[in-house]
Amino acid sequence: MSQRNENGMPMKYSDRFNLADARRVARAAEEEATRHGWPMVIAIVDNGGHLVLQQRLDDAQLGSIEVARQKAETAVRFRRPTRVFEDALAQGGLHLRLLGMTNLVPLDGGIPLIRDGAVVGAIGVSGMRSDQDAQVAQAGANALPLAEPAGSL
Amino acid sequence: MSQRNENGMPMKYSDRFNLADARRVARAAEEEATRHGWPMVIAIVDNGGHLVLQQRLDDAQLGSIEVARQKAETAVRFRRPTRVFEDALAQGGLHLRLLGMTNLVPLDGGIPLIRDGAVVGAIGVSGMRSDQDAQVAQAGANALPLAEPAGSL
Amino acid sequence: MSQRNENGMPMKYSDRFNLADARRVARAAEEEATRHGWPMVIAIVDNGGHLVLQQRLDDAQLGSIEVARQKAETAVRFRRPTRVFEDALAQGGLHLRLLGMTNLVPLDGGIPLIRDGAVVGAIGVSGMRSDQDAQVAQAGANALPLAEPAGSL
Amino acid sequence: MSQRNENGMPMKYSDRFNLADARRVARAAEEEATRHGWPMVIAIVDNGGHLVLQQRLDDAQLGSIEVARQKAETAVRFRRPTRVFEDALAQGGLHLRLLGMTNLVPLDGGIPLIRDGAVVGAIGVSGMRSDQDAQVAQAGANALPLAEPAGSL
């Protein structure tokens, strides 16, 4: 499930991403969260893992402020959905080593944002069960236009 | 310039603040920034100093991501505009002790959000000169409705 | 001295930078350091402030490992030579506020790397007097080709 | 698998190591990585665990910047390949205590650099599967001349 291009190689990073994109992603995630009545925190980072947009829906738990951002950072740093790490950890054994890493949170809900075959950022969501967090993050990721609008950057 | 009520006592904190309020404040700040073509980061925290909303305008410097949040946190933690600390520091002497504080950033641009005479949060802005940051933060703070809309919380 | 384009606005960031570029910059810096017999640490980061290349010349002081990187990070985060902060601090008064910032080191020797009018990274040098550090950093920055070689990215 | 001398005692540390050595090690590691088309980060530290040389190959994931360095630091701090810790962790039970250590990363890919029977530093590699990281680190370690060249230090 790591992000690979058509040649099976790891994807590149690209900086073709701006606040308007982040807002589109966040809006779609928020609609999905609101539809279910889920109080969540939504964080969106750029291709360097730096925050572009973060919003906390009313009544979201405070702990999710940091977790949402960490999920997004992890997804950019390792160019894959954080679910990969959650699944690996569940298998135990060797995979417990993930718990020894200091720049990775192994929780579903962080998803890279892909445009033109490159990682332009990530969305991280926290506040409910991790599969629900991931459902909302995916709704957000799906809203990123594949190609950037002409003249927008 | 610290925030005091009509009896001269320090203000209380209040939690009468939500994401809709934060958005209203952020939108006003963004409009002021955009009017001048200033690439800035805008952060809004609640009465616990916890992030509610943060957004980075296109082409804002990366260093402002952390600084904007720190300004907002400082304004809530000490219930006063961060300019108070910048001014004090400029006087030197005893005021240099401010530099020994680890949970305070002495830079203009952080302003408490006041509602019904209580501190409900703060806005922090970074990206240009600190007086310009403060101008944008003030535009945001002015947009907070003094009374919360019926049924909004 | 902040990095501005021909319209007087802050420069944009760009990711048009790779390891070959970083090596060219580092080699020029190292030659300048070696010419003077200066034991130094040279750090080069990308437009997100992330390390691309770091090298410690023989007999450089250990403290410079972290300082060189911090100078480079500061130059990217605030898109200007770190000397701007050193000079401001020397004036005292209001400028002492820089000491209250946690993501900035106010030491000469960090210089943005500019290509096609955008900040693609920075070089940070530490090990001698800060003006000597800056001299070496500038020698490195001067070695960045203004345009990237065809097909290199 | 911990590093022991011919008498079965833990190895000593030695400072007979310089930047030229680090470059030879890094070059061999890079060649191995490039041969496979693996985008990786390579970090080399001295006998104090302090960075001598670090380089990020194009398109390596950002998370590997910190991980590569941590692997090298771990290998020096405990004078053994980090694979020892990964293997132990895979056995579970008592070995889970490794996860409680804050100055150790239990991931294959960190290997001590040995010269004249003493630990002079370590190489850490990150970017692909941990066994591939280790393969590249080993190629680097193998390139360290057993005896230092006359006059090199």
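Points worth noting:
A, B, C and D are the chain letters, set down in written order, and residue numbers restart from 1 in every chain.
As a convention for this text, contacts are C-beta pairs under 8 Å (C-beta built on N, C-alpha and C of every residue); 3 or more make two chains touch, one makes a residue touch a chain.
Small disclaimer: the values here were computed from a predicted structure and weren't measured.
Centroid analysis (C-alpha atoms only) places B farthest from subunit D.
Repeated interface, listed pairs C-D, A-D or A-C, reference B-C: A-D, with more than half of the contact pairs matching by residue number. Set side by side, the interfaces A-D and A-B show unequal numbers of C-beta pairs in contact, with more at A-D.
Averaged C-alpha coordinates give centres for subunit A and subunit B that are 28 Å from one another. In whole angstrom, the spacing between the mean C-alpha positions of subunit A and subunit D is 31.
Residues of subunit C in contact with two or more other chains: 13, 48-50. Checking each pair of chains for touch leaves A-B, A-C, A-D, B-C, C-D.
The part of subunit C that touches subunit A in the complex is made up of residues 13-15, 46-50. Across the complex, subunit D meets subunit C through its residues 18-19, 22, 48, 50-58, 62, 65, 153.
Within the complex formed with subunit D, the residues of subunit A that make contact are 9-10, 12-13, 48-49, 74, 76-79, 92-94, 96-97, 99-104.
Across the interface of their complex, subunit A is touched by residues 37, 39, 59, 61-63, 66-67, 70, 85-86, 89-90, 92, 96, 98-99, 101, 104-107, 130 of subunit D.
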